[in-house]
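Look for subunit A in each of the two complexes below; its partner is subunit B in the first and subunit C in the second.
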Partner chain A sequence: MFLNNTYNEFIKIAAKPRSYIGLIALSVLIAVIIFAMKADGSTYISFVTASFEQTLSFSGDIMNGNLIAFIILQMLIVHIPLLVALVTGDLISGEANMGTIRMLASKPISRAHIVLSKFLAGAIYTLLLTIWLGFLALYVSRWIFGTGDLMVLTSEGLIIHPESDIEWRYLYGFLTAYLSLLTVSTLSICLSAFAENSIGPIVTTMAIIILFTIIGTMDVTVFDTIKPYLFTTHMAAWRSYFEDPVPWEAINESIRILICHNVILISIALFQFTRKDITS
Partner chain B sequence: MITDIKEWRKYLTISDHPKAKKVQPMQNKPIIQVNAISKSFGSFEAVKEVSFHVNRGDVFGFLGPNGAGKSTTIRCLLSLIKPNSGEIKLFGETFSSNRSMILSKIGSIIEKPDFYKYLSAEKNLEIFARISGAQVSRKQIYEMLEFVGLSGREKHRVKGFSHGMKQRLGIAQTLLHKPDLIILDEPTTGLDPQGIIEIRNLILRLKTEQNKTILLSSHQLSEIELIANRMVIINKGKTLVEGTVSELLNQQEVLILLEVDHIEKAMNLINNKFPLSSPELNAAGQIELTLQKNQTALLNKELIQAEILVSALEPKRKLEDFFIKIIGA
Partner chain C sequence: MKHLILFVAVLFTGSVFFAQQSKVLSSFLSKLNSVKDYSVNARIVAAVPMIKIKEVNAVLYFKQKDKFKIDTKGIAVLPKQGFIELNQFLATPSKYMSIESVGKEVSGISTIMVTVIPNDESTDVILAKLWIDPKKNVMMSSQLTTKSSGMLTTTYQYSDQIKYGLPSSLVFEIDVKKFKMPKSVAANIHQTKKSADNKDAKGKITIYLTGYKVNKGLSDKVFK
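Here is the complex of A and B:
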């Protein structure tokens, strides 16, 4: 019954026009970035490398598909949560809004299974969105700009990763980015269990992300104790794979905290949905 | 498939129809047992100690004006709402002991049938069939759509369906997994007269052709009267009366509204000849009295013999009057 309902959930997601907004928006945004880089990428790159040009000389093509993919990821990873929440924030509250939640909850499937199947469908949708992002950012960029060594500017300075040492970094990077987006998906589904319309959970999810991000960037002592526990602090953990040496301990800590967030948010949603009176 | 509407329309009750199966002996085995359930939302008491039972094979009318607590009670029956107190048993089990088994035997429409508007009728039925606890083939889905008169609309999105078509699709969804008990909450609300007749006839067919147990809620006594064999009336969250429709509606006692030219003379005559009838003068200048059904003609005869001109003598069933008063209140 659980898998049957997960299949149902995926049919619903696939049939909703809003599910394609994320995929289309990603395609358009990446196309715009690639076009901009193709048209005037050298100016952009020289702006970044200007401070190093007196001490370093660059040979070969710095502006390659690997660098474009890194730029795209950095630019978009902040905005993709909105595209995820647009679909996942609607999964429970959208049913309440349409009235179909009555039909669903009066079938011989437990409420816990209803919620868990929505989480699973939301996780699959988020994975597809991440794969699409990865495909466009990495493979389309490489196809257009070619491949080569990756130059990354970190807080420690300029790091150049040889071409042969990049693939695994992107793979792990995308997996960790997926975990961050999954946390956003879980948060919006959790909020969705409390709401009767889809606008509320979507807006609240974004409001929480903005609030936590602001708290995370404010250099105020009073926030120092909570910063490490905010999921937004760990949403950029994917970037750590491009440092040298890779800070594995910090990455593992980020992964643990993101997983904890997912477990807690799923538990809250289960508690709320299995107890609530369905009056819509 | 609803090709025989005109034919069905000729018959007011199930048993009148030639296709109707002979009334099966009541097994007196309650499928639904509701014992003193109460439910409050904050300080508002929606349902107060409501009790009733539905036997196997019943078409049970659940009657009450809008806001009486019908939908809340029905939601309790489907485990959508947890009552604060009281007990509900369906098929002899409680939700805490066997929720899945209970719900697999029930088909329901609550208030209005809502579907995924962006999906076709067929896809909607597929989705609900997949979690109904029964194996439902595509052929059965098509047969069910034909049964409710939606043949040819299988691939159409529900977004373009009229309210009546959604109601019929709702009934198809209700029947798809061959439930033993069908719960229909105000299934004719918002329908035009033709739609009401179609839905009513569908319910009659469920009873006659498939011998289902049906709980039907309505705020219209006439609707319940046409379909149900037993009923309960609730108002303001409380059970008022429960019994068979024939007992409740065809009581021997009738309420008479009488208009005459000499009210005082008529009152004296009634008090003398029908001392148990409790005549009273109402605000409209009519005499209201209660008589046995077979005394109505006798009353008329007595009044004429006493040279009292009768301009109106209107017998009304007591329950009808009672229900109209409830709605009026």
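Here is the complex of A and C:
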């Protein structure tokens, strides 16, 4: 029953036109970035390598599909939460808004399973969005620009990863990016459990992300104690797989914090929905 | 008085003429000029502050007078100058004057130091110091100071291609100026401590050269 309900929830997501906004927006954004890089990518590269080029020269194909994928991920990972929240923020409150929540609650399935199936459907949608992002960023970029070594600029300097050492970094990077987006998905579904309309949870999710991001970027000591616990601080954890050596301990810490957020948010949503007085 | 002026003029001209002619450098250049073209496999090992890169394999191609190409499968970090710029500059003796003096010992070999000063101020080269093995007519070390890239010190080692004056390894020591990291692209959420002070430092790039193919008639198509 739980899986059937999850399937139904996913069908509902697939039936909504807004669910395709994310996929279309991603495709357009990536197409724009690829076009820009094809037209004038060397300027972007020189911006990165300018500090070194007084004494050094870089030989080989720097502007390749692996670098484009990295640039795309870096540019879009901040904006994709909006596309996720646009769909997942509507999953419970949308039912309340349309008046179908009573009918849903009267089905022979527990309220906890209803909420969990919505979380699972949201997680599948987020996974599809991440896979689509990965496919366009990595494989389409490689198809257009070719493959090669990856040059990454970090706060510690320039790191050049050999082509043979990149695939696993992207795999783990996308999995961690997925976990970040999943946190956004559970946050919006959790907020959705408290709301009676679609817009509220979507806007609130974005407001929380913006607020936490601003707190995270402010170099003020008063926020230092809370920064490590904000999920937005760990949303760029995927980038750490491209460090050398890879800061495994810090990545594991990010993963733990993101999982904790997911568990807490799902628990809050379960608590709220199972006790909710559904009157309309 | 006229005779004195004439004598001083002749003496001065003579000393300059003498200074422009470095026999050691001429012998070294004539040996180098016997190489019309070559291709060689290179293994590039870079230890440059602020740059992390693994060993890179490449193929180097050279053809007289100034054709040079590096074929790498991946990305390689190389000194901006140092492969052919020095030899190209030295190939035209009218552009500089050279002065011989006693050199230091390089890799256990006593050398003659040749100081090369360009005649034209507009050239990129400010000064070149060459430590040449006078017995084998090969360059053991060089220090090239240019306007654009600062100072580049190169140490050469030779093996089977010493007859052509072609090295088996080159070690470039470069002055690495303070690199500026664009914050927008270098943000790191996991960085809890501040980056080490990125002051001016020395970088080292070692190139191991094996499998020389010398004077085999390299096609111009290779350089396209």
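We take it that the second predicted complex is superposed on the first by the 280 of 280 C-alpha atoms of A that agree within 3 Å, B and C clash if a C-alpha of one lies under 4 Å from a C-alpha of the other, contacts with A are read in each partner's own complex, and residues count from 1 in each chain.
Operating definition for what follows: a contact is a pair of C-beta atoms (placed from the backbone, for glycine too) under 8 Å apart; a residue touches a chain by one contact, two chains touch by 3 or more.
Worth saying up front: this structure is predicted, and the values here are computed from it rather than measured.
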(request) Could you say whether A:P108 touches subunit B, subunit C, both of them, or neither, answering first, second, both or neither? (result) first
(request) Would you check which partner chain A:E167 touches, where first means subunit B only, second means subunit C only, and both and neither mean what they say? (result) neither
(message) Is A:D149 touching anything from subunit B or subunit C once the two structures are fitted on A? First, second, both or neither.
(response) second
(message) Output check: A:G157 vs subunit B and subunit C. Expected answer is one of first, second, both, neither. What do you get?
(response) second
(message) Looking at A:D224 after the superposition, I want to know if it touches subunit B, subunit C, both of them or none. Which is it: first, second, both, neither?
(response) neither
(message) Going by the contact rule set out at the top, does A:I278 touch subunit B (first), subunit C (second), both, or neither?
(response) first
(message) Looking at A:N8, would you say it contacts subunit B, subunit C, both, or neither? Reply first, second, both or neither.
(response) first
(request) Give one of first, second, both or neither to describe whether A:D40 is in contact with subunit B, with subunit C, with both, or with none. (result) neither
(request) Quick one: name whichever of subunit B and subunit C touches more residues of subunit A. (result) C
(message) Under the definition above, what is the set of subunit A residues touching subunit B in their complex?
(response) 1, 4-5, 7-8, 11-12, 15-17, 98-100, 102-110, 277-279
(message) Considering only the defined contacts, which subunit C positions touch subunit A in the complex?
(response) 48-54, 56, 58, 70, 72-80, 148-150, 152, 174-177, 179-182, 185-191, 195, 198, 203
(request) Going by the contact rule at the top, pick out the subunit B residues touching subunit A in the complex. (result) 41, 75, 78-82, 99-104, 106, 108, 110-119, 123, 127-128, 130-133, 173
(message) Touching residues of subunit A toward subunit C in the complex: what are they?
(response) 47-48, 51-62, 74, 148-149, 151, 153-160, 162-163, 165, 216, 233-234, 236-237, 239-240, 243-244, 247, 250-251, 254
